[in-house]
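Letters A, B, C and D name the chains as they come in the text, with residue numbers starting at 1 for each one.
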Amino acid sequence: MAKSLNVAMIGYKFMGKAHSNAWLNAPHFFQGNLLPVRKVVCGRNEGQLNEFAARWGWQETATDWRKVVERTDIDIVDIAVPSHLHHEIAIAAAAAGKHLFCEKPISVSLEHARAMRDAAVAAGVVHFLNHNYRRVPAVVLARQLINEGRIGRIFHWRGAYLQDWIVDPNFPLTWQLRQEIAGSGPHADLNSHSIDLARYLVGDIQSVSAMTAHFITERPLADDNVASAFIAGTARREKGKVTVEDAAFMLVQFANGALGAFEASRFATGRKNYNYFEIYGSKGSLLFNLERMNELQHFSLDDPAHAQGFRTIMVTEAVHPYISAWWPPGHTIGYEHEFTHAVVDFLQAIERGKPVEPNFFDGVKEMEVMEAALESARTGRKVEINQTKP
Amino acid sequence: MAKSLNVAMIGYKFMGKAHSNAWLNAPHFFQGNLLPVRKVVCGRNEGQLNEFAARWGWQETATDWRKVVERTDIDIVDIAVPSHLHHEIAIAAAAAGKHLFCEKPISVSLEHARAMRDAAVAAGVVHFLNHNYRRVPAVVLARQLINEGRIGRIFHWRGAYLQDWIVDPNFPLTWQLRQEIAGSGPHADLNSHSIDLARYLVGDIQSVSAMTAHFITERPLADDNVASAFIAGTARREKGKVTVEDAAFMLVQFANGALGAFEASRFATGRKNYNYFEIYGSKGSLLFNLERMNELQHFSLDDPAHAQGFRTIMVTEAVHPYISAWWPPGHTIGYEHEFTHAVVDFLQAIERGKPVEPNFFDGVKEMEVMEAALESARTGRKVEINQTKP
Amino acid sequence: MAKSLNVAMIGYKFMGKAHSNAWLNAPHFFQGNLLPVRKVVCGRNEGQLNEFAARWGWQETATDWRKVVERTDIDIVDIAVPSHLHHEIAIAAAAAGKHLFCEKPISVSLEHARAMRDAAVAAGVVHFLNHNYRRVPAVVLARQLINEGRIGRIFHWRGAYLQDWIVDPNFPLTWQLRQEIAGSGPHADLNSHSIDLARYLVGDIQSVSAMTAHFITERPLADDNVASAFIAGTARREKGKVTVEDAAFMLVQFANGALGAFEASRFATGRKNYNYFEIYGSKGSLLFNLERMNELQHFSLDDPAHAQGFRTIMVTEAVHPYISAWWPPGHTIGYEHEFTHAVVDFLQAIERGKPVEPNFFDGVKEMEVMEAALESARTGRKVEINQTKP
Amino acid sequence: MAKSLNVAMIGYKFMGKAHSNAWLNAPHFFQGNLLPVRKVVCGRNEGQLNEFAARWGWQETATDWRKVVERTDIDIVDIAVPSHLHHEIAIAAAAAGKHLFCEKPISVSLEHARAMRDAAVAAGVVHFLNHNYRRVPAVVLARQLINEGRIGRIFHWRGAYLQDWIVDPNFPLTWQLRQEIAGSGPHADLNSHSIDLARYLVGDIQSVSAMTAHFITERPLADDNVASAFIAGTARREKGKVTVEDAAFMLVQFANGALGAFEASRFATGRKNYNYFEIYGSKGSLLFNLERMNELQHFSLDDPAHAQGFRTIMVTEAVHPYISAWWPPGHTIGYEHEFTHAVVDFLQAIERGKPVEPNFFDGVKEMEVMEAALESARTGRKVEINQTKP
């Protein structure tokens, strides 16, 4: 008989929806001894919150997250609010002994990240940083092929995360374009994903050189409900300053000697959610494109010399990670399945009393690279990173 | 306030899982005035049935489908059992005034299909035949582009549905390989999908020539739990005759003059669930591959002459069918979403008191082509089809 | 020291250009003991002919092909005229003891093809039928992989040869659209290529069912210089009847049990010279697209189960057929290189006194399939082929 | 009547072969008033030189390039020797009033490049730097689409030139791996190409940050005939130091504000001659892959919103640059055609008395970026470039 664990989720927007779906559906597809219960969802706008809770079957709603994270009937705190709010919630929840399921990036500063890590360690709770792309079956397969030695020594990483949603200069000045809230632009939003994947697949980063670009420096002020304002063509006429970068590129040296490149941009016309990486090694190579997330490309020097080539592995078979829980061979999955996998792995970690990855240690290391890159972009110098020991 | 409709689902295997997920999740993503209630699931093996019902939240279980379809508290009967059982259930449920959500193919014979259609029409219920691939956003977009005139007059259709799951001669003699149960092989299983897509996108089929192939004529007898037997290497030693074809190819003439080709095979090594079509018209063309279901390829003569080419539309934007209910731009969906879309459209049809497509009329027309093709393969002659008037 | 062989080429249009380039450049890239000399080119329009000869370095011109093929200083007769003229020239040249380098298709009728084959055999000359796509390195590699057993038993062939050059109804009635000259439409032009490739890679064809389509039944009459008339918009206003098919599709059974499909069309909008095939076998599969002629796609069941996929072999390495004569690894070749390879192989056959493939035996077998298909399209019946013994 | 121009080519290895083919074949496909005559080829090994001259039809051979470039009957000097020799030959030939057709990169130092530029300008001759990839039709089309405004303001460039020929640590220490001869490694060899394309398509580069990697620091000494030694497995046992980098990555800021990334490596397993670029602009985007050189990918915001996507333009139609001289629609060309186009454009420049691009001005600007990048890799600082005024 499965044991129930009560979840309190702070936040109910995009990530709240993705997390709710995962808490709800994980038990339908995966067997486990821990059963998550959607106990309470916490937010500020009561009307929206109630509607959300009703739709997704959360038993209660609350507007004060501090009280929620201290409730004795709560086992798990799911942090699904913007990054600048992670710090305070995570530390309070850890202090209350709750397991932490935290959205990425871990926070908006290295200092905060370290404090979060220390709090979680001190509390002895399971802490999870939800870099969801580590739960794409093709990405897990990439790691498996690397671990099996099929790629050999890794020479190169290239991670590009490209989008195009603000190419239009009339797109309004949403919170993602304001430094005080978002920390940085695509660097925080996109490079953070790529750095996590690079660390997962290649290893720690030792030094970084970076450049940023600022293409459109002011934009129409945004009304409250931004997207609809833009779509409806009613964006306000007054303009405000864009205070984050529009693109952030990096070169890095990995601790193992590999040389890497990163490109993050919101100005790559035609790219919608193009999270792409290439890994080249002494025995083979790997390519991945999130827009084709059910595929992994692989080149192997083990193939006969006249029959070598990049092959497109359909990562949809029972031999592949997570797949047997879903559908028959060749049936693809989509974006939200990553979150379901995350929930499954997180619950398993709690059950086994073992860590899950990525966690707040990873969050700290990622922030070290993030801050070093911004420093490099500012100073024009390569910055060495003293990766924190785990 | 949404009104509830009670669903009784007959069957709980692969399709039962896909349908349960759809009934469950449709209201989480789509707004509607009708709320489906997972009232009762019906099957023969009580142990498995109870476990299934618990997992998916069906309120009750039952083993006698006849009693179930006659219950006055049931609004919708979902037929998710093998095709040879559709006929009897559908007719009884229609007689009881239930709306019908029926898996494809409609039945194993044209005669049965016609009887089902007539029963549904007589009862005045909403009848839906779940050719799920009509609910892939890229496929709906294809239809939209055709309706907008962007393809012009259609000259050609090519539909290939290729798999490879029985290439191994030791794969056992499962029910899909026995004519008495399955009707035919990949013709029933795969060509039926392609025919439905061809009718949806191009139009009715007027004549057909077909050839079939039989590559492996006997196979090890299957134990009850086939897949595991095969995987565990414990397939029985005795062999039995394969009584369905291994591949079925067709040439067809459409009523509108287009010339088409179909290939269905379970012997296409490397193809997992490759449901692929090409449509060529006087103004443009369309290509679709289910293994990349979030994409549609489109060539348009409207492009500047020096910049024409097949373009890969990421069908993941708010302007595309169904997408705005899911995730932000560029975030892909997977196989099961098709069923959710089907449920949404079916409920809307009930609410509006209007038909939904495909329905039992389409099922009959599809069976006309199916049977004509088998006759052609048998006789070596082109067979004309007298498509039933709607 | 290389020995010289004098070539007489009959025809100087598209194929004359491709052949001239091959005779000229073969010795620059490939070592051989026989050196072709561009001795005489033969045609009817003296002005154009002289210009052509000057440009391509033919030593002489002539207008009477009969005299040319009987010249004692001529070793090789290159037949580069339209197909309906092949028959008479080939038989006369064979009678004069010349080696024959003949463009495809062999002729416009099976009867003529047989006469050509018999004349060449009786004369004991080397006879070559220039199905140039057999000289694409990727196609030769496909054959090699098949011969090595990497594909296993072949289950399926699909050959599509799709173009779009007459989609515009105002495209004029050129000779290719008149049966008396061209024999048939894309069937003669395109299916002939696909049949040759299918025979090369899969084997002989045993039976065929076919359908044809006629989309545009009359077109503006063409002036002499058709293409320019069309481009300049000066096509004549009067219309004439199109007397060939616009598309020809076939289903076939191969002697080895494989089931195949062919599509040939000039109405596949967006396809320029799309000569595409798929071969599925018990151990692996092969895909080829002439528009990406330097690549071959290959799936192999020999790969580890979790790392299988279609791989794109860049057929540009020294281990691949013909490549080492050209450029370093990864440097691609183009269309005309096929003809150079043909000349190289043809000369080598002469030097060794051995046959080269394809030859007039292949031409006869191909015509048997071609004629059977037209009969099937006419009668609506599957036609059995009694493949001539070699 | 065409006027003849006598060519003297210095060098006869890989580039000698590519240039000979171009001088030879340009007049067969392209009309022009200047006819190049393969007058004299110059090299040091008389045996090899004679064989080469005989094969490619050079009228004379010579071993002293100084005497050759001063011959009064020579009109054009073609510099096809390693880069460190360009400087002296180009200056002498310019002084003698010869037009210069010079292989890339222009030289091994900025100082030399400037001297070459000054000499050519002083002499008033036509000077051409053969960055052959500017003559790929798809690349010229990219420029045309940019010039037509279809891409809008350019935000990003990414140029990757990846190969894998020295991944094997037993590959010997050839001259390309020795700094004293080659200048640098893939930076000189590959980044130089990418920089030229970036300047052609995006514009001048203003600042650069770079990192290099050195994966294999010593290798078996090479015998004279390196490649064969390696292939035959007879590479010498003693090892020597590799004195160039194995990979060189760059970030750059363009004068127009665009942000760019470059990757050049000989350690990208599976990449043979992967010269790839991406250009993202405010109205559209362009992608090019040399391994598919007959294609250009293009995204356009001008397309209908629901039908936007990257399209694959087959750059094989009469409307595309250079194509009408070759073959009918859809017929692809290969690597060597770029050189033929270069010769055609170079001759046209001479005929018209106008400059051709790229030329020695471009060579200087490219060397400025090259040297700045090496300085950056050495110092860890971003380096500003003072692009020479033309």
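As a convention for this text, contacts are C-beta pairs under 8 Å (C-beta built on N, C-alpha and C of every residue); 3 or more make two chains touch, one makes a residue touch a chain.
Note that the structure is predicted; figures quoted are calculated from it, not measured.
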item: Shortest path length from chain A to chain C (each step joins two touching chains); value: 1
item: Chain pair with more C-beta contacts, C-D versus A-D; value: A-D
item: Separation of chain B from chain D, taking each centre as the mean of its C-alpha atoms, in whole Å; value: 54
item: Whole-Å gap separating chain A and chain D, where each centre is the average of the chain's CA atoms; value: 41
item: Interchain centroid distance [CA atoms averaged], chain C/chain D, Å; value: 35
item: Multi-chain contact residues (two or more partners), chain C; value: 271, 299, 308-310, 314, 317
item: List of chain B residues in touch with chain D within their complex; value: 141, 144-145, 150, 295-300, 303, 305-314, 317, 319-320
item: Residue ranges of chain C touching chain D (in the complex, touch as defined); value: 14, 18, 20-21, 24-25, 27-28, 55-56, 163, 165, 271-274, 290-294, 314, 316-317, 326-337
item: Touch list for chain A against partner chain D, complex; value: 153, 155-156, 158, 160, 162, 164, 167, 209-213, 215, 246-247, 249-253, 257-261, 263, 265, 267-271, 278, 280-285, 299, 301, 308-310, 380-382
